[in-house]
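One chain, chain A, appears in both complexes that follow, with chain B as partner in the first and chain C in the second.
Moving on to the complex of A and B:
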């Protein structure tokens, strides 16, 4: 029964491959099939531009007045943070850090904040902090409200969830576009963008937390005579406090990263703008010095908020006691602040760090990197060249064009081609003979794909391949969604750019998945590796994307290759994480049972552990792709050529229509890949009877 | 101790023909009153065939004032559902729940909250303690919900803490307590409002066997002081025997048999009940009052034994006193004679 269905699928696949080959052979005749004709492109972007113009003519005043209103709290927060002497702000932040996680974090915070003072970027740091301080409460308020609403009303949840998906998958730059047009230049754009970007995690965590409140707690509260208000505020909410606090942590981090990204539109005079400024001027040393401020700020904010979340269930004494303690803390903080304030008014240095006392390390960093680049000039070039010639170009334009005397040292002759195709076909048929139909199809597709290259593949056949794959994985709904989504990208004329995005991101993802998963599996078996990898992962996940780019730009200049490396470094983290967790959290009975059956370590790994952990590893792949796309967007800054670049250009030129359509196209790609990988993971775990947290 | 003989027959809580069906349009099976005439098992099968889930089918029983009524059944028998129907945590599909002769199903949400605040207490299998409150705050939680002042509610909570023997633990958080202690908190909380009706939903099932036994004794001690009308859910037949005044055995959402433990043992209604009862050691279940030989005249000089003395303890006496002993109730009234012969007769009836 199962076999016959499989055969039928194989036949359909062969049909699709056949169509692809025909389209490729006749691509000169049927140009429309390989390159979507320009005349048929639907001018969505013009329509958007036009209607946006009309809309602003009509309602522009409304948004401008909101913008004016919102600018006041920002100005207020900035004024407050600027007028307080730095010593007072540092004390308060350190004190909060102490309350959250203890002395060690307080000391770290102290040195990190003092670093900001020392290098002369206190003011810019405070501008960034001001935006975060204003946007986070609003995001939490909105997110919590929507979360509660979504929890109580299934209908509301159905509306809210897709909106969250869109907000979280549309490239960050694309957000800024409409906001920029509606609200005008300035810090308010950053504020609104960061609110929009940071409320979704709050919604998700709120719903998750409320859903996870155990039944027995709800029932016991009802039986204690709670009315619905008491049930919610006194029983359910406190029971999911930890999840809510985690939501606040994630929202805060999202807000910070968006505030940094929003610097791109300028006029904010914050730390993100400074970094960008130095990246553009190619002053790498200085950009790293300032970038470190962002990284430190992110780490501090993350550790403080997550500290509150993780320690929330470690309450020790009764609430009466806690209330007193809190009052004491507050009194202590106010008292010390006042004392420091007075001291600072006598010693000017404690209020405003003098310019001539600031230290300048950037020139040393520049020197260091320069010598490094000079010493390893040939090696760097070699790495870049080999990756470009042997991996990137073949994927992009295929062996057909990539192999030339200049790149590979020889010309592609007929016998090369015959050898290439014959060996692929032979191996493929060997798999078919052994009933591995999936691998058979995969090899045939890979053969065609590597020969012609991703950007030369006819859009029509790629559309067929993706949609049929979606059909096999997730059924008609997913297939239809895939077909419509990709079809949209085709008819708005974004297909070529989309392929370039996929090519860059795809190489990175394949690399990350293979290397990252192996690393993760290693880390699961070796606690030393695990202990080394974990803090690196933690840091990479906390640092805003911007900063990750800097060292790569230093070493490899701008371009696709640098973008690729940046994506890899960022997107490899989830692959490592999920693989390690997946392997570590397997049910121990199964492992013990296999050991008792006499399996070797390798058998245990490949026959038991990896198959069982596969659903989790697949989720890691999903996250790797999402991270990859997120970084790809930022990589537009260093001159990549895909959709992300169009979004970026749209932003800088104020061409909302085009940038927005490109942004939507990226979101569509992200969502399709997300659904497909998640479905595979879910099906696997259901088949195994495991549940994934 | 339990009072097997002199139960006040006044009914506190009554469950009348309660059905709970899960599924769309579950009401439709009961829309006209003809369902009443149908055999519950047949109707239940009919509903199941249509893809709906019957959790309770035509469940009826009464709980008398001050008695411990145990509902025993294996998992999936519908015992947890019925206790939730009684407290209206779950809305029954059809039927009546009478508390003090008033139908609970007719009460508004507001009235229901009032009833739960003053007349009902419930203990849960997984304790249902609030993790962010310490012991005393957990216990005082129902009082807080009623809007009592902090001082007053802490005073009341302190009283029940004493009752369950948790003195000195007031400021601990649930996480810091063992399972047995957590359930003591659960018990104390359910008693804090001084309810009339006390629901216990498998209260000791999550505990280790030894602790379970201690907690059963503890429960019996508390009940002997409080005299609540108790509905006690369990899947453990031995537990049911130990504590029940009367018990009901459920299967497939229906009640198979209701009676005193000894009735169930002596007269199991069918093989399903017999499966439970056959391994029970008779001499520990049978009480003096169960082996009275009514045909014998009461001998005034015979040695007196209390009605609730387990037969196992009487055996040495019975072997010595050939004329037998006289069984007396709490008030000292002579109920009848019991001797070795009557014991054997009772056993013989049971074995068949």
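Moving on to the complex of A and C:
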């Protein structure tokens, strides 16, 4: 019976497809099934607004006093960084860079920091740095504490993990306003937002690191009579130092990216604020010039912290000799700083770089863009038109509405429709005959979906499809989660917007996955390609997302298409990276064995390498989706219409409940997709007998 | 609580030491600066004048919307330009509660409406009259809106006024929300560079009018008020015009009475701001410098505000 049409799962699928068709046919009669009735929308957002108001009335003082306390370290850090001449700060940062990774990084740091001086944004850079310096240690402290707690108490871990998921998937825009309402206004808001966003990686890495401490280390520590305190601090912690330093590194990067987003609510005249200022004026050149500061800062901090992480093995040995060297370093640093400080007080230029010596390169970049737009006017239009007509519109509103004389050059007649359905059904049954039930069902669903379009599909049948899919992939728990999560989106009335988000993100993800994975595989086989792709990836991931938007609007105008491109450019990075890593890190015995058995290059790639690397590639897909959702929120700034826009409206309109509900809905979508892809990846790797990390 | 105590102490000592003259106390007045040049100018003029009177002034950056809770909680004390068309429900609620105090209008007469580049008049004869748009919607068309014209409206978060109007006067245009000011300006710049069609809901004073030429779509003249919601195709009157209000935090007038009086009298015109915007955005000068220059040149104007 297995793999025939009468097999249980296939029958259920056919049942669901049948229900979908019925709902579609009677959609005018049963409006409730295709469009959720307005009267039944649960006014969660009003409830949230109301209870927030009451809550603030009662406990507002508590949060305001926290905020008052937290403002002091920031004021202190800003005061320190501003009162030191720039030359001293640069020296200290370069010196730390040298200690971390040597001369090359120190030279890079020198030129990068001097760039900040040269373009006239030193003050703002220091404000950003002050925020990072204060927020990162706090995030690390909190993250480490929670991580240790989660490691020792399974019950705590069960509570902590979902909270981490929420903090990492709810779009940051959605929790800016609640923070603002609770903690008042000013730099502190940015600080708290970046702590909230950056502590989760620290928790995860701490738990992971502690879990991976080899048993023999613990055993030998116990045998040599260590008490529990010694066991933890002197045996376990040193042996997972690397993982914890990785956590510090990731937390720092997260804090830095959040600092920029927090700039949107103001409070600090930092680099993020400047970037936003030029973006609002659509100054492509200047926003890139200033945005680069953030990218450079991220790269420097990343390299310094990961340098320390790599060298931690050597440092662990902590001999007297090393300690002496450290003391000497410290003395050297203080001495040179004092010397530079004195020199700077004689030569003003070393303390305050004059405004008129600053360099302006932005006009050249602006000119370049304008000329580009002028020259490639027709080509740009063409690309946009075809993508819109043949990919985006059909996905959104289906062939039924998208095919018209203006778009496709002909009207959709009866014979077109018959041809469309018949060919799909024929191919589908061919697969069924060959016992490929999965593909059979997939094709039938695709047929319905492409004809009617995502936004026209009844919510009821999509709910069934997604939940049953989750059941097949991950079992009852996942299915229940999917059902409840999507059901929530339905009853709060965010379903139509959610579909728009899925439509944009979905197309972007499919494109990223296909193109990105191919690029990654190519890069894994060709070191030249790899060397070209890597710096591009680095830049795309560290430059503030806002900066990418404006050039795209210049080229492709306001609208969904530009939003799509912006998402693609950001979300393609993990697809490339994971594919390359997956292929490069395959066990060499397997490859050698297949080579010896005489497989051709193509056979080797498609029959051995890709299937083996699939679990890792799937993780790349997972990350691509997460990145896509993250970028979607930013794309609201160029006029997309999904959940992300509601999050944004909630923020700018001061309607906290609305923004928060939309944010939660996005988080739900993200988490469902995350669980499903991770389960698939895990199953694949278990089937292959691999372990992935 | 801390803030209240401070205010109380401030009042107490202020009154004892110095009942009539200013500054009443040395607490910094927190003045907010936002993200468009006109506002930078008016803020620096206000801040400059307050400093002239001897007050401590602190300049705080904020966003046009997020400033409101900040003003209500006293983290910001003064904002020179609140545009009433773009405030959201939050602002009205806070004003009703008395947490934000409106001090009157700044004196700018803002203009909102649809703008287009002059070269569009060749492609759509009959402009600037709005009726011409019915005939030549396709001159403004694009692939995704065909056969309708493409109208860029304010970002969704600023409300749906153009969308509502297009629907009520049955204009063959597809409203596309602009997303953000940056995206809208980028669209204008790129359209101008390639001489492509564009029509967009926009507002003045804005620096872009100092940098590029635009014409405004003209509507039927009204005597006084234009009611946006109920207009019809033949008698469309366009848009209700916004007000630009000056606001301060609750208790400002008690804490800094003389500053309040000055700010109440302060007025700036479109001409003042446009001149300043041109200096800053076109000539690349610093806004602080331009504001200081205005203060130096207009002594007789602001001397009156202080009495």
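Here, the second predicted complex is superposed on the first by the 671 of 693 C-alpha atoms of A that agree within 3 Å, B and C clash if a C-alpha of one lies under 4 Å from a C-alpha of the other, contacts with A are read in each partner's own complex, and residues count from 1 in each chain.
Keep in mind that, in the parts below, a residue touches a chain if its C-beta (ideal position, glycine included) is under 8 Å from a C-beta of that chain, and two chains touch if they have at least 3 such contacts.
Computed from a predicted model, the values in this text were never measured in an experiment.
Student: Are chain B and chain C a fit on chain A, or do they clash, once the structures share the same frame?
Tutor: Chain B/chain C on chain A - fit side by side.
Student: On chain A, which partner's contacts cover more residues, chain B's or chain C's?
Tutor: C
Student: Looking at the overlay, what does A:230 touch: chain B (first), chain C (second), both, or neither?
Tutor: It touches chain B, and chain C stays clear.
Student: According to the stated criteria, A:276 is in contact with first (chain B), second (chain C), both, or neither; which is it?
Tutor: Second partner only, chain C.
Student: Using centres of C-alpha atoms, tell me the angle at chain A that chain B and chain C span after the overlay, to the nearest 10°.
Tutor: Computed from the C-alpha centres, it is 150 degrees.
Student: For A:181 in the superposed arrangement: first (chain B), second (chain C), both or neither?
Tutor: second
Student: Report, in whole Å, the shortest distance between any C-alpha atom of chain B and any C-alpha atom of chain C after the two complexes are superposed.
Tutor: Between chain B and chain C, the minimum C-alpha distance equals 48 Å.
Student: Can you give me the overlap between the chain B contact set and the chain C contact set on chain A?
Tutor: On chain A, no residue contacts both chain B in one structure and chain C in the other.
Student: What part of chain B is in contact with chain A in the complex they form?
Tutor: On the chain B side, the touching residues are 84, 87, 89, 109-110, 113-114, 116-118, 120-122, 124-134, 136-137, 141-142, 144-146, 171, 173, 175, 186, 189-190, 193, 199.
Student: Spell out the residues on chain A that touch chain C in their complex, using ranges where they run on.
Tutor: Its residues touching chain C are 61, 64-65, 68, 177, 180-181, 184-186, 264-269, 273, 276-277, 279-282, 284, 355, 369-371, 373-374, 377, 381, 384-385, 388-389, 406, 549-550, 553-555, 557-561, 636-641, 645, 648-649, 651-655.
Student: List the residues on chain C that touch chain A in their complex, please.
Tutor: Checking each residue of chain C against chain A gives 1-2, 32, 34-36, 60-63, 65-70, 73, 75-76, 88-91, 142-144, 146-147, 152, 155-158, 176-190, 193-194, 196, 207, 281, 286.
Student: Which residues of chain A touch chain B in the complex?
Tutor: Those in contact with chain B are residues 214, 216-217, 219-227, 230, 234-235, 238-239, 241, 313, 315-319.
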